[in-house]
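Order as written gives the chain letters A, B, C and D; numbering starts at 1 within each chain.
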Amino acid sequence: MNPELIVFIIFGAVSIIGAIAVISFRHPIYSALSLIVTFFSQAGLFVLLGAHFVAAVQVIVYAGAIMVLFLFVIMLLNLGTLSAKGALTGKLKGVAIILGILLAVEGVYIAVRALNKTEVGSAEAADAAAALKDSPIDTYRIGELLFSDYLLPFEVTSLILLAALIGVIVLVKRDKQPEN
Amino acid sequence: MSLPLEYYLVLSALLFTIGVIGVLIRRNAIIIFMCIELMLNAANLAFVAFSRHLGQAEGQLFVFFVMAVAAAEVAIGLAIIVSVFKHRETINVDEVNSLKG
Amino acid sequence: MSLGLIIVLLISPLVGFLINGLFGKWLKGNEKLSGTIGALAVFISLICSIIAFVAINIDPAATLEGEDGFVYRWISGGKFSVDIGFHVDALTTVMLLVITGVGFLIHVYSIGYMHGDEGYTRYFAYLNLFVFAMLILVLGNNYLMMFVGWEGVGLCSYLLIGFWYEKQSATDAGKKAFIVNRIGDFGFLLGMFTLFAVFNSLDFTSIFSEAEAKSDVVVFGVNGLVLATMLLFVGAIGKSAQLPLYVWLPDAMEGPTPVSALIHAATMVTAGVYMIARSAVLYNLAGTGTVVAWIGVLTALFAAIIALKQNDIKRILAYSTVSQLGYMFVGVGIGAYASGIFHLVTHAFFKGLMFLTAGSVMHAMANELDIRKMGGLRNKLPITHATFLVGALAIAGAPFLSGFWSKDEILHSAWGNYKIIYIIGLATAFLTAFYMFRLIFVTFYGKSRVEPEVASHIHESPAVMWLPLVILAVPAALIGLLLGIGGHHSWFHHFTENVTGFKGEAPEGSAIPFMIISSIVGILGIAYAWTRYKERAPSDEPVNALQKLVANKFYVDEIYNTFIVQPIKNASHFLLWKLFDVGIIDGIVNGAAALIRVIGGLFRRLQTGVVQAYILSMVIGIVLFLAYYLFFAN
Amino acid sequence: MLLSLVIFLPLLGVIAIALLRGMGPSVVKGIAFVISLLTFVVSIGLYAGFDASIEDFQTDNELLYQKKAWITGLGISYHIGIDGISLWLILLTTFLTPVCILATWNSVEKGLSGFMMSLLALETGMLGVFCSLDLFLFFVFWESMLIPMYFLIGIWGGERRIYATIKFVLYTMAGSALMLVGILALYFQNGNSFDYTTLSGQFDHDSLLFLAFFIAFAIKVPLFPFHTWLPDAHVEAPTVGSVILAGVLLKMGTYGIIRFCLPLFPEAAKLHTPWIVTLAVIGIIYGALVAMVQPDLKKLVAYSSVSHLGFVVLGLFSQNHDAIQGSVLQMVNHGLSTGALFLLVGMIYERRHSRMIVDFGGLAKRMPIFAAIFLIVTLSSIGLPGLNGFVGEFMILLGSFVGGAFSKWYVVFATTGVILAAVYMLWMFQRVMFGKLDKTNEALPDLNSREIAVLVPILVFIVWIGVFPNTFLKPMETSVGKVVEKVQVVPNTPELGHVINHRDTKASLPIRNIENTKLIEEEAQTK
């Protein structure tokens, strides 16, 4: 058995279980913790794919920053257990799950069958990619690209973050109470 | 011998679908939000898998951008949730229905 | 003849109009000046007309036509073009003399008649404008220019009938005149279109020269010339108040009396006759004169019958005008163009005279119009009486006065091929003599029935008014003798025949028996009137149904009103506007809007406001779309 | 360059007003008036530089023609130019705008600067429509002119202004949506270019394309039965809104027909002529009859527009040179006469605050100058010879009768409109001007010198066109000829016979007439 496959199965299984846990727990704290599990196992998959930089960022940004934010808000609002009754009544819930399954089937179908017919999935593309594998995609290369070809998007990203920063301040700012 | 692309894509599809189902069946805005993150991650996974498959660094770059945007989005989204909660004392999406025609 | 002369002739009244029209505010305090300007403007035209007339008399070839009369190109399109240009020949000069001659006297008369009226300058402005338009009508060298004058005189007629605009009846009458005339113009326009379709020109010279060659061109499925002449005649029916469009003329008497004399007796209403005489070539080729003659004679009879039972002095004269115009149409209709024009000339003088004397009577009687409230005026208004008598004798066909000559020529000409027309014409002559002298006897003879407060004020008109009466009385009496002696071989005949391009065949036989018959008929009419109205006023109550019918003018106005005017008005209001426009069309438009609102209301239900419902539908969409794309496409 | 200046000078005025509006109403009015007057003066330069012998656009004259790449990727260019048809409509627009500004001097109370800005922006839009030689540019101007009009009616209008505005905008939008489809279809068939001057030849689905354009224009004209927005818009619009609406906006419909529908789709135009002409004739009679019974002066004038524009459409589809030329002239005529009528109605409305005919009567006594001017304008609208309306109407009717591409019966029925025009106009005139003066109207002042100054220029042109119409007909002759040429590609009407006129050298064309087949046969036999 291929060791890579074993690792993949472990991480894959954990991330799927984590994901299911996210949508199953009633208490948002549990959901958030499950999500962290999923994120970590995804980071593992990234490592498996040789994307070390992304894996590191995944851990730092997602599992670190974003999830802390989630937990922080949940604590702040002091959200207790919520009633399991969803917005959609039981029947619609069934509909939603059936839909989800259909969507999954379609997604899998694309991944397994449809892709091969396209240019990306063709054997030639794979061969061409194999030739490129001599120069592995490491952090150095990503940095090089980021600061040359993708400099503008990179800077725009910083603007988005700035906008988000300002937006958050405006949103949560306490309205001035009229002085009596 | 690395694993075929299809493995990762199937996993990505499954994760994505779970996210969709979560968005559909949960009424807590925060959990819906988490499910959205889940879907974004599923997409990221596909990106990276393709990146390796094609030997191109761009896939990973986009993941980087997605993460940046996701961070911004989470910040804004959570701020909205906080202020909605301040006004309505609830974050159940079916109770926040002022879009009703 | 020089173009300059004609331009001066034409422009002079226009200048008068502009001075009185634009500077009326400053002229208001100075009636004398305003009136003098008006009269002077026409006087200049009169002088020019006399020069032109004499010039053509000396040298029949001294006409102004074609290239010589060209002033400027008026309208030009791709194929269509028309000039401003003049055509002056014998027929034109005769018309010019009538217009400016009678016109000048009436301007002078108006100076006195309109004294003290609030709209004094306005009146003279309109009157000058009228003369200008009438001159364009007769001077133009193409049908379109004729139409310009044609409409122009209609406008002035409208303005002058409604001159006293505070009177509802006056403005109604003005409007009626214009609209009825427009119905005629509708025919005139289509007539011009037909002419253009046949000849590709509206120019007299080119149309008349090619008429024969194109006499078999078909337009609209019928012979082009027949169609054109009939349509033009519709225009003449409107303008010259023939059956069935005569209804406006009696009402037109609401205007000041000099206006009735000038426009509604002497000049404008004869425009139709002029037009047919001008188009003699076409009418001869088309052979439509018979229709003209029949309409003419029926109108003559019909109007004369109505005149029998009228009691309004001006309306009697108005119906008399309609009747006499009928005679003129008989003349031009049967091909005796010169005779028709001859009658036009004599009629202009004697009818103009009679209207002016009627005005003099009204002036004396504080604007009283009802002859039943007059009587015995002979002694108080001697000049008026005398001149009126001259006019009445002339129209009644008393021997050797104007009407005698001209009417007789027409009837004589009719005898040849149109014996029935002759008989009807003769009967009309009897009626004419009768109603005219009924008017005289009731007004000037017998006992006075004048209301006491009016009686004390009765006075003869001032000199500025009676002088034109006397001056006009002379030609009214004698012009027939001057022009008519020698009948179909007279100087006037030769003079005008050059123009019509058609020598009216002199009817066979001597004219003398016809003259004798006419005279006897006329005298019989006078005598019968004497026996009936020598001493008494017409009774107020109609005796029998026929009299009632006549007294009410055969109810023609009422019939038009009930069956044409009101239905159109009501249908427009209720059916077209309220039902169709507001109801149906706007209903559809607003209905479409309402439908969309209803549909929107239905879709509105889908907007639950619950985010998840939206997402659910989105996911359904994605699933279906992917399914189609993956499994069913290709 | 000059043309661009004319188009965008008013926009400059908008900016100037926006910057200087704080300086008080008189400055705003002054700027608006001076700018619009300047535009008119500059536009006279267009006439001066115009060469009437060129049948096409004046491409050789740099002043009157401009082409600059704009959005090259989509084949869009800033492409403007004029020919003999658009020249007069441009001059009409630049002439009416200062007149309108002067007319509205004291009548706008709220938002004066906004009002003036809308008016000037509207002028730019209208001028752009008449000058554009690029379909995309045309559409941009066409739509952009809706916005200021929307404000003019919606803000400064009467009581039911919202209803009227929405109706107006929706009607127009419905039409322009179709036109957009048509423009795009032409774009793809024209090798991905919006250039009007390169459009030629046969287009696929030309019948549908024709309809797409025609319905847009027919709504604007408005052709019966698309006319019901017009009375509402007119009644609710402020005076100058009505003037511009009747004077220029309606002309954009007829201009569109002569610029697009006829030359681009001659066969389709011929195919659809019967029902279009039927509608035009119905419109003539129907508009007149409905106008007759209107109690409201503005509605009366509005319905009279439906009638008058019916004549224009009739002439446009006649395929006859004279009639089409008459139609173009009639567009200008209608702009002047109806514009003046609306101004006059506005003037008594300002005095009496009523537009109901029953509220008036006997005004001639109190307001003689007003009555005199009203009379002249009324007569011009009726089509009295010697005034402008007659020349256009006569050419339309004569051309359609003699060489029209349809039965002469249409013309016969259309001619009854001449009678009906007299009926409704004179009846209205009588009820307003004649009769006894009402007590409430006794204090009405006559026109002041400003109002006279507003009306006199219009009167000058009314008389001018009536007496010397060739000043206006000559420059458009060759351009109209080109349209006729394109329309007549489809052999339909044999050419008319020759013009016998002593000013021309004898033309030697064979005598041919539509129904003159007999002669033709004879001719053939002799050969």
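Heads up, the rule we're going with is that a contact is a pair of C-beta atoms (placed from the backbone, for glycine too) under 8 Å apart; a residue touches a chain by one contact, two chains touch by 3 or more.
Predicted, not measured: the structure shown is a model, and the values here were computed from it.
**Q** With contacts counted as defined, which of the two, A-C or C-D, has more C-beta pairs across the interface?
**A** Most contacts of the two pairs: C-D.
**Q** Mind having a look at which chain is the central one, using mean CA positions?
**A** Centre-most chain by C-alpha means: D.
**Q** Report the inter-centroid distance (CA atoms only) between chain A and chain C in whole Å.
**A** 97
**Q** Taking each chain's centre as the mean of its CA atoms, how far is chain C from chain D in angstrom?
**A** 35
**Q** Calculate how many whole Å lie between the centre of chain B and the centre of chain D, each centre taken as the average of the chain's C-alpha atoms.
**A** Computed from C-alpha means, the inter-chain centre distance equals 59 Å.
**Q** What is the distance, in whole Å, between the centres of chain A and chain B, each centre taken as the mean of its C-alpha atoms?
**A** Here chain A and chain B have centroids separated by 6 Å.
**Q** Would you mind listing the residues of chain A that make contact with two or more other chains?
**A** 86-88, 96, 99-100, 103, 110, in rising order.
**Q** Mind pulling the chain B residues that touch 2 or more other chains?
**A** Only 20, 24, 27, 93-94 qualify.
**Q** Where does chain D touch two or more other chains at once, residue-wise?
**A** Counting only residues that touch two or more other chains, chain D contributes none.
**Q** Once you draw an edge for every pair of touching chains, what topology comes out, line, ring, star, complete or other?
**A** other
**Q** For this structure, give each pair of chains that are touching.
**A** A-B, A-C, B-C, C-D
**Q** Help me check something: in the complex, which residues belonging to chain A touch chain C?
**A** 86-88, 92, 95-96, 99-100, 102-103, 106, 109-110, 114
**Q** If you look only at chain B, which of its residues touch chain A in the complex?
**A** 1-3, 5-22, 24-28, 30-31, 33-35, 37-38, 41, 44-45, 48-58, 60-61, 63-65, 67-76, 78-83, 85, 91-94
**Q** Would you pull the chain A residues touching chain B in the complex into a rising list?
**A** Within the complex, chain A touches chain B at residues 2, 4-5, 8, 12, 15-16, 19-20, 22-23, 28, 31-32, 35, 38-39, 42, 45-46, 49-51, 53-54, 57-58, 61-62, 65-66, 69-70, 73-74, 76-77, 79, 82, 85-88, 93, 96-97, 99-101, 103-104, 107-108, 110-112, 115, 120-121, 125-126, 128-133, 137, 141-142, 145-146, 150, 153, 157, 160-161, 163-165, 167-168, 171-172.
**Q** Considering the complex alone, what residue numbers of chain B touch chain C?
**A** Residues 20, 23-24, 27, 93-94, 96-101 of chain B touch chain C in their complex.
**Q** Can you tell me which positions in chain C touch chain A when the two form their complex?
**A** Residue positions touching the partner: 610, 612-613, 616, 619-620, 622-623, 626-627, 630.
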